[in-house]
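Take a look at these structures.
Next come two complexes, and both contain subunit A; in the first it sits with subunit B, in the second with subunit C.
Moving on to the complex of A and B:
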């Protein structure tokens, strides 16, 4: 039973409101008012003909050094354990990417993406701004591309 | 006076946001919870808990999970805490349990999962403990069946404080309002004081006996919802973007199956009453007549409810047509008039 269009290139990301509320709730729990410590988690969903449907998510314990951006820690045992549990409830939901609450991209995002890519090579990153200032939706989706520089 | 002005200026320049009272509910005070758990005030009063507050996140998770089950019952765990005589539900999590109403304790299968999940959740600062369970009754209303009552009585013996929430995803969609109820059972042998009858809901014929036998063994809690300031902003921005989708959907289409089911059920109930009336004529007992009269009143209430829902669907279609389709026609007519 091969997964549906697993390797079709993604051109659109649809995020369910449940994911947004979960992320905001997570941010709320960890949040210290004023301190912009971001929260990180995994996105679950499915890829249907190039449209990535993000239907669920869960938070993972994440830590990073404020001073040294390259020092960070993400608990993968926790990740795999939680994913196993979610899979029991809905086997069709696979890991499709990860999220953080930004509000902007961080230099270590690429490294974290690499780690998530072990679970799904087409993993996307969705930055969800828990405290949106302007109108419109608070999400931005990114996918990593390989660039070859001719130096 | 100076200090007040200075404070205001400081607040303005630093974008200080007041943490409204609503967000207080999100803080988990471990000591307070521990005290409440040791004191156990619910042991003395079977009617101790009167209210329940459900967070927006928990509500959404429950409804989405219930809806995803289609016509199968689904089940999940509730995480939360207690505050006086109010139970507070912060989050919900789906359980991998097969939906069948024929087992005494459907939860036994999921105990391991529940324990593992609650442990793991603590690592991401979800400090609340299990406060109850929820399950769905797709299409047949919010009440506790015989099995549910025995499960809940067991829970209230060993896992206090615990609440049972029932959600009906089908009626939610057809009525446009979340069909949900929170219940607590009375301990065995307790005679509850005669309360006013709860809000009437239509129960399908094949479930009516199960409902009637046990409906006095539990009582409903007053439900209210809450959301954080951030939730509110998020929901507002989502609404601003997607109101068009909501406006354009038609309840008649989404609920076609359910409405047909309700009509069938109504006809069954009428047939049953009819046969009873026939029998009543021969035997001629008054008690029998009264019962059938009750049944007919209930059947007419059910009929009205279904009619109202269908009428609403039709009305909204007509209004939308008038508002959006006719304006264009009017414009075209005006343009014609101007051209000529």
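Moving on to the complex of A and C:
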């Protein structure tokens, strides 16, 4: 079996059902607390010849200020610890990106992406809509592209 | 011993390259942060501390009780950018909301070393919000006091409100003493003066009773025993100098030795009378001649059942106390040699005040000694 290559550009993202279930469960848990804002988590999986296989995920403590977009907090110590423990039971899964329940993109997503990029430079963002209004795939995957603007 | 979760906000703007604090503001700040971390974790081992850098309001270390981790990340911080006071404090508050210790008190310690550009109104708004959430904020103002002091004072006053006193502002003028200034400030000392003494030197014996109670207890007990012993000695010499005929019963051999040593040591100086063990009149060592000293020593040792502790002077010309004390080890040999002369012994016994030479016990003793002496003489003759 050829080893998963990390450097091939991703053109397709496949999300396993376990991930969707886990995200919806997390969203509902937070909903019960009364915190109906979005929830954020990390995606684990592997990249095989341009197809990103997202096989597992876990939620991370996340908080942000509604009014001030630049005020957000993501517990990266928790992230590192959790990933370390996941590695113990499945060494093949790596951090491939992160998710939030949107439903839309937020301005500080770029900043959060920067933080996740420290763990994987080719991190993707998957917006998983926990309360979809229409049929179809509830997920949308994004990658960050650096552009140089001539201002 | 307040159960507290603290987030320390360090200023890592370019202003921290300034050298008005020795060696640079950044280093002085790092020492100060070290101090605060240690004091928080020492005051209560369950306390958590986190670290945040203010330039882009990034949490470096989430709440933990591992000071090592905090210091490691702290030393990697480089001066870069500009701080945003309000954002930093808000993010710190968010981080505190996600703490593990739900019953911990919330505290933010902010180090400000660069000018704050933000409007005072914004600052007061944040202060009011934090006050509502019951967060205490300590601000360490250094470097740019002129510009910041007003804003920060307004901030701290807004947080404290009318009656609260749990938030403090510490303004440190330039110089080498940022950490020292903090040591005595309410940031470390706390509201009720608790949690001060940081180092082991602050505690008695250099051992923290909290960390090692058994060791501290052992040290304290031995110190008190030593003190009691010394007091006893002093008391005895004091009693001797007053010349009271106090019946100090020789409870232990060691006490006798001590008395004799004391008495002997004071021979060349002054007339010190050592309290007698039998209750007879006080014996004046200085006035006694050599022989009388020997006699007294013998008497004492006989009265304790012949226990061999009389510091019999070996060389009669050397009447110094030190010699006596040193030669305690050679007692047995000295003793036997002196005892070998029954005539001398008889003389001594007769001169002793309390002893009746005609008593049976003494006679028996004398006879046995004389016999043994004869035997040894016979033995000596035989091999010849």
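Keep this in mind: the second predicted complex is superposed on the first by the 143 of 151 C-alpha atoms of A that agree within 3 Å, B and C clash if a C-alpha of one lies under 4 Å from a C-alpha of the other, contacts with A are read in each partner's own complex, and residues count from 1 in each chain.
Following the convention adopted for this analysis, a contact is a pair of C-beta atoms (placed from the backbone, for glycine too) under 8 Å apart; a residue touches a chain by one contact, two chains touch by 3 or more.
Small disclaimer: the values here were computed from a predicted structure and weren't measured.
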item: Side-by-side fit of subunit B and subunit C on subunit A, or clash; value: fit
item: Subunit B versus subunit C as contact partner of A:78, first or second or both or neither; value: both
item: Partner chain(s) touched by A:110 [first = subunit B, second = subunit C, both, neither]; value: neither
item: Contacts of A:14 with subunit B and subunit C, given as first, second, both or neither; value: neither
item: Broader residue contact with subunit A after superposition on the shared chain, subunit B or subunit C; value: B
item: Touching partner for A:63 - first (subunit B), second (subunit C), both, neither; value: second
item: Smallest distance from any CA atom of subunit C to any CA atom of subunit B, in Å, after fitting; value: 7
item: Doubly contacted residues of subunit A, that is, touched by subunit B and again by subunit C; value: 61, 75, 78
item: Touching residues on subunit A, where the partner in the complex is subunit B; value: 16-18, 20-22, 24-30, 33, 58-61, 75, 78, 81-82, 85, 88-90, 130-132, 135-138
item: Partner subunit A, residues of subunit B touching it in the complex; value: 17, 19, 23, 26, 55-57, 60-61, 64, 68, 91, 94-96, 113, 116-117, 120, 123-126, 228, 230-231, 233-235, 237-238, 240-241
item: Residues of subunit C that touch subunit A when the two form their complex; value: 57, 59, 61-62, 64, 84, 87, 90-91, 94-95, 97-98
item: Interfacial residue positions of subunit A with respect to subunit C in the complex; value: 61, 63-65, 68, 70-73, 75-78
